[in-house]
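Several structures are given next for inspection.
Below are two complexes that have chain A in common, paired first with chain B and then with chain C.
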Partner chain A sequence: MVTTNIMIRSTSLNGADFKEAIDLGLVCAAFDQQVNLIFVDAGINNLIANQSASILKDKNQIDILKGLEFYDIDNIFLEKESLENSRLTMDNLLPTIQLVSTKELNNLNLNADNLVTF
Partner chain B sequence: MQQLHLIQNQLSFSDFNQQFVRLVSEDDSLLFLNDSVYSLLKNEFSTNQFETLAAKISICLIDEHINARNISALCNDFRIIDYPEFVGLSLKASKVLSW
Partner chain C sequence: MLNSSHCSFKNMTQEFTILVSASPLKTQSHLTSMRFIQELIQQNISIRSVFFYQDAVLVANEFYNPPSDEPQIREQWQHLSRSHDLDLQTCVAASFRRGIIDEHEAKQRGLNSFNLHPSFKISGLGQLAAAMSDPNVKLVHFK
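Now for the complex of A and B:
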């Protein structure tokens, strides 16, 4: 099975990168690829629970993260070091996220067939 | 007369310190807009150096921008304003600088 890693460094309320990353993941999953969504740096802010983009008259794009398992995207990773550099804790974030160290993240990327960064 | 600095994008504390702080005076106000509010969640913005600066100047955030991102509980150290107050700050300032 082909594995595609999608690293997300951008945020959902700033441009289209986040949506494009998720769309790419859905397309890859539709073609039976193993998709790993990996959130690093500022991208970890997408994982904050209970965001309300509607306050800004925007679409809540992060809501799709809650339903990715229905599209066979089960692996959502968060780089531990990115979290440690922030005042956020796991309590602030959506559940079902797996913490990985930078070393584990590098191994994930080395073992992937494709790597795309947004 | 004070200046109002509008910070639009996320930045690291080193960028903030090197490029920005030298141009800020004590009476100035800093307004973090949109995704720039995430900058303040970084641990590097919790250093003594930043806290010393924050004690001298007014650091503001717009309520809608932090509520939409559900980070208001993490922004208690800053002045939270609404859009009418933003307009008031702009009118009060002698210059508005957008970063």
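Now for the complex of A and C:
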């Protein structure tokens, strides 16, 4: 099975980066690829569980992440160092995230067939 | 800089697909990716397609006309495509999101005009995903 890693570095407020990363992930999953979503740096902000985009009459992007398992995207990784460098804790974030060290993340990328960064 | 005397892609893979996602206005990714493609061509390595995603699709806007003393990026893509029969695909969703519409879609939506440059074809993410699923195709992403 082909493995595609989608690495998200930018926040949910940075244009369409998050939406377009997820769009690519969904299409790759539909092609029976193993899709790993990897969040690093400011990308951690996409994982905050309690988002209130409705205040701005925007779409709540966290809902997209919650539904990904139905599209066979089960692996959502967060770099441990990115969490430590933020003011967030795991309690603030989506519960289904897997924490990985930078070394583990590098191994994930080395073993992937494709890597696309957003 | 890629130097053919030092860098060989032969035997590594059979085909390449190039993904460009950066705006032509914000980075040098378009120029860099074209140099990479030229190097592949020099080494007789096949390129399945060039796929434009995210802000990179802005280069396909026919009304994108930078000043004459700046790099004419779209003209360079056009020249590369014509010279080597390269397929330049722009993502349909990314294009429509950024106001780049082809003739077919303009008719469907009852619009008076369209602005996709004829050197580019509107394509779906499925085309990119299919290439990524092929073990003989190597994806190189220019961001």
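One rule holds for everything that comes next: the second predicted complex is superposed on the first by the 118 of 118 C-alpha atoms of A that agree within 3 Å, B and C clash if a C-alpha of one lies under 4 Å from a C-alpha of the other, contacts with A are read in each partner's own complex, and residues count from 1 in each chain.
Keep in mind that, in the parts below, a contact is a pair of C-beta atoms (placed from the backbone, for glycine too) under 8 Å apart; a residue touches a chain by one contact, two chains touch by 3 or more.
Since we're looking at a predicted model, the values are computed, not measured.
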> chain B versus chain C on the shared chain A, clash or fit?
Replying inline: fit
>> Contacts for A:D74 in the overlay, against chain B (first) and chain C (second): which applies, first, second, both or neither?
In response: neither
> Using only C-alpha centres after the superposition, what angle do chain B and chain C make about chain A, to the nearest 10 degrees?
Replying inline: 100
> Touching A:Q33, do we find chain B (first), chain C (second), both, or neither?
Replying inline: second
> Is A:N45 in contact with chain B, with chain C, with both, or with neither (first, second, both, neither)?
Replying inline: first
>> So in the superposed three-chain picture, is A:L88 touching just chain B, just chain C, both, or none of them (first/second/both/neither)?
In response: first
>> One more residue to check, A:E104. First (chain B), second (chain C), both or neither?
In response: neither
> Closest Cα approach between chain B and chain C after superposing, in Å?
Replying inline: 16
>> For the complex, give me every residue of chain C touching chain A.
In response: 19, 21, 53-55, 93-94, 97, 124-126, 128-130, 132-133, 135, 139, 141, 143
>> For the complex, give me every residue of chain A touching chain B.
In response: 11, 13-14, 42, 45, 48-56, 58, 84-88, 92
>> For the complex, give me every residue of chain B touching chain A.
In response: 10, 34-35, 38, 41-44, 46, 64-65, 67-71, 74
> What part of chain A is in contact with chain C in the complex they form?
Replying inline: 2, 4, 15-17, 20, 23-24, 27-28, 30-33, 113-118
